[in-house]
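Everything on this sheet refers to the single structure shown next.
We just call them A, B and C in the order they show up, numbering each chain from 1.
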Amino acid sequence: MSLVIANGHVVDPASGLSETMDVLVADGRVREMGKSLRGDETLDARGLVVCPGLVDIQVHFREPGFESKETIASGSRAAARGGVTTVVTMANTNPPIDNAGLVELVTRRARETACIKVRPAACATKGMKGEELTEMAELREAGAVAVTDDGRDIRSSAVMRRVLEYAGMVGLPYLAHCQDEDLSDGGTMHEGRHSMLMGVCGIPREAEEIRIDRNIRLAELADARIHIQHISTAGGVQIVRDAKKRGARVTAESAPHYWSLTAAAAMGFNTHAKMYPPLREEEDIAAIIAGFQDGTLDNIATDHAPHTRAEKDVEFQLAPFGIIGLETMLALTVTHLVKPGHITLERAVELMTLGGARVCSLEAGCLRPDGPADVTVFDPEEQWTVTLADFGSKSANSPYIGHTLTGRVKHVFCDGRPVHTDNR
Amino acid sequence: MAGTTHAVWTRKDLVGIADLTREEIEMVLDAAPQFGAVSQRASGIKKVPLLQGRLVVLWFHEPSTRTRSSFELAAKRLSADTLAVASSTSSSVKGETLHDTLANIEAMRADITVIRHSCAGAPHLLAGSHRSHIINAGDGRHEHPTQALLDCYTMRESVRRRTGNPDAVLDGIKVAIVGDVEHSRVARSDIHALLKLGAKVTVCGPSTLVPRELERYGVGVTHRLKEALEDADVVYSLRIQLERQAKALFPSLREYIKLFRIDAESLKSAPDHAIVMHPGPINRDLELSAEVADGPRSVILQQVTNGVAVRMAVMHLLANSGGAAR
Amino acid sequence: MTPDKDFEVESTVLMDRDALAATVRSLALAICDANPDIGELALLGILRRGRPLADRLAALIGEYTGTTPPVGSLATTMYRDDVRTGAAVPLLKGETHFDFSVDDRTVLLVDDVLAAGRTIRAALDEVMDYGRPRRIQLACLVDRGGRELPIQADYLGYSIATGADEWVSVRLRETDDEDAVLLLRQERRAEMND
């Protein structure tokens, strides 16, 4: 059974392709890309963008241990709705993924229940305690594509150095959650005028910036790759820019909420605007956008963090940090980056596909003959209002419910199988 | 200016001063004297039937005698029934959510729920989804609206007495708030209220305890007491808490006293007519000297008396304005 | 009662300035006749217009007997029986204020118009919360009927039965720049043709 995705605007960042053409898919792979192709079935993609399946290298699927928030199955459905065909799952589950057996658990559960590709990251330190190294070589063999203690930073600089050295040897990138826990202690949102008005303890930008700097320098010392996760500050972007200039092997990402919302979103004690790092201010948004423009930032990742309604419907300072993001990533990118003209559509696709794939050396993020048929088709002009019906996740902790966005995922194929079709 | 206000109260709850308009604040201040008169009745019954048959629940997660007593007395003077739910016996200690505890209280047909909680935003969480009128009696560091209302009422009465003008307002009045502003819900509510009423506010305290962001809102920030008191019409002293010392927020009480205590010596920098206020309870000789606390400039006891009148006014406005989700 | 803006209000003078003054005088005389011991009398005017009326009565009583009884004001707003109906309660008509004790006195409530009787009921409750008068009496300028409670005036100036669209307006120079009692009737304006 072959399928021709016809007349779409095909964008493949790896090859620089950006033109109207057909894509022929069969037996799970892309067979051909060209004009006037023929196949058993045809999907009319006129007016739509056809790009590699999106790649999100920071998601929390909560399995094992927190299945009421999300499972690998529901998380993959959320991903499919968002046009994401490959995810890298974080390791702060319960128990945390710090041994090969647990990595195998995740890959098995993914094989059994996930409709898209799930690649696990594993912990860098045992139990995420920041003290002893995990058996990274074995973790890699079991299928881990990165190491990270995401959810936490590694407090001891000495231990972080060794983590980076060892991960470097094993060939796994370290995905760095940068947070000075002393400076951010007790804080629940950005330290600024909104936290002052709300009477809640704030988290200054320095809590992130100081550790971004430290972690990059230790990576340089260790001659290892490091990837800076979820940057929220202008200072953070600049630190990465300077590091890249001096040749450090660093990559960096930011999440859609950091360039579409500010700390003002938390006013009224809105727990759907509570996450770490926190939403900042307009000048940080501008700096992040500039980071996408000049290549300082390599990819967009959502840090999809589901929490149940009961968990979020509590006092602001008691609510867990995090929001979901898979289903809105593409629309937010189109609405806030492409439509206002900050970056081109092609660059946006790159940030959502190849950028993340490269960080973790994944076979994903490209559209080429003989490559896997992971394809996302979206309408870059369609406007829609976010409702609960748009979420595939078990959780609905999103600050975008009720927002009207531009850019809608229409068809998603993973290994040639249709995993999502927009039914609106 | 009695007798001519046409404003109508429309809010279901009182969760903060930040949302109130100047007009709404003045509605409470203008209504307070009548309610104060009830408590002043020389003979006869110190009650009016405005909340007769209604149930006021006092839900205090944080221990508090004075604020709770003030609300209880205010409710009783309005002929309401009161029920106190103490934090140590409430189900929240047993892991019940805030929403569920409030629903249980509402099952008792509470008309007004007065809530004090250690988490900022707790009243907001409840106000939107529950039937009873919610009054915030203090939520973490965020707001303590009835305190600000009674403070402004006390300040206004003092200005009216001093100038002999029964219609005097707080516009242009200079208020110095001294102490741990960062952790003070009283300071936040007072600042909101005073700015809306046109007063000029200066805050003074150690740099570790005074948020600089206040300058954005036109509030003066200084770390020198003399400067703050120089032209102050009102000196508002905040309570200093010993726990802050342990968290590296200031080195010692000794140094705090030396730099920021309001006493006869430091008050020399203030104009003769300046009044001294404090939300209570006072740490005598710590942030405020006993001499000044008991002295002629202090209106601290009037604040307490006014507190009952203001809380009566608030409860009446909330419960009897027809703007409820009944 | 405020008229709707789509209605025209027709007014008839029931009492002009002189008639009103004469009525107040005869009320004062009746009060003196019924109260041999003026010393134990105290007047409470129900705001707004009851107070200036009470002041006038007290002055006349003083003229006739040599003893001027004390006068105070009663706001009654906090004793209304409609607080729970959800109607917006008007905040201030002024405040209850008087400088005498009501215990063992003859307290004379003074109001301009008596209609349903609910205001007087509220006034009775309010006075009783201040103490225990020996007697409470009521002096009204006009009774316009429409009683909803079993209340009557002890001293009454003028009585008139009013219909649904009618009401009585008392105007006093202290509050309205003139002395008069008017009967006001509300008539629907003629329909405009499309």
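Just so we're on the same page, contacts are C-beta pairs under 8 Å (C-beta built on N, C-alpha and C of every residue); 3 or more make two chains touch, one makes a residue touch a chain.
Just so it is clear, the structure is predicted and the values come from calculations on it, not from any experiment.
Set against the C-alpha centre of subunit A, every other chain centre is closer than that of C. A comparison of C-alpha centroids places B closest to the centre of the full protein. Averaged Cα coordinates give subunit A a centre that lies 46 Å from the centre of subunit B. Inter-chain centre distance (subunit B to subunit C, centres taken as mean C-alpha positions): 40 Å.
Chain centres here are Cα means. That of subunit A falls 76 Å from that of subunit C. By the touch criterion stated above, subunit A contacts subunit B in their complex at residues 192-193, 196-200, 268-269, 310, 313-318. Those residues of subunit B that touch subunit A in the complex are listed here as 18, 97-99, 117, 119-122, 124-125, 139-143, 185, 188, 211, 213-214, 216-217. Those residues of subunit B lying in contact with subunit C across their complex are 2-5, 7-9, 27, 30-31, 33-34, 37-38, 41-45, 47-50, 53, 316, 320-324, 326. Those residues of subunit C that touch subunit B in the shared complex are 48, 75, 77-79, 83-89, 91-97, 101-103, 125-126, 128-131.
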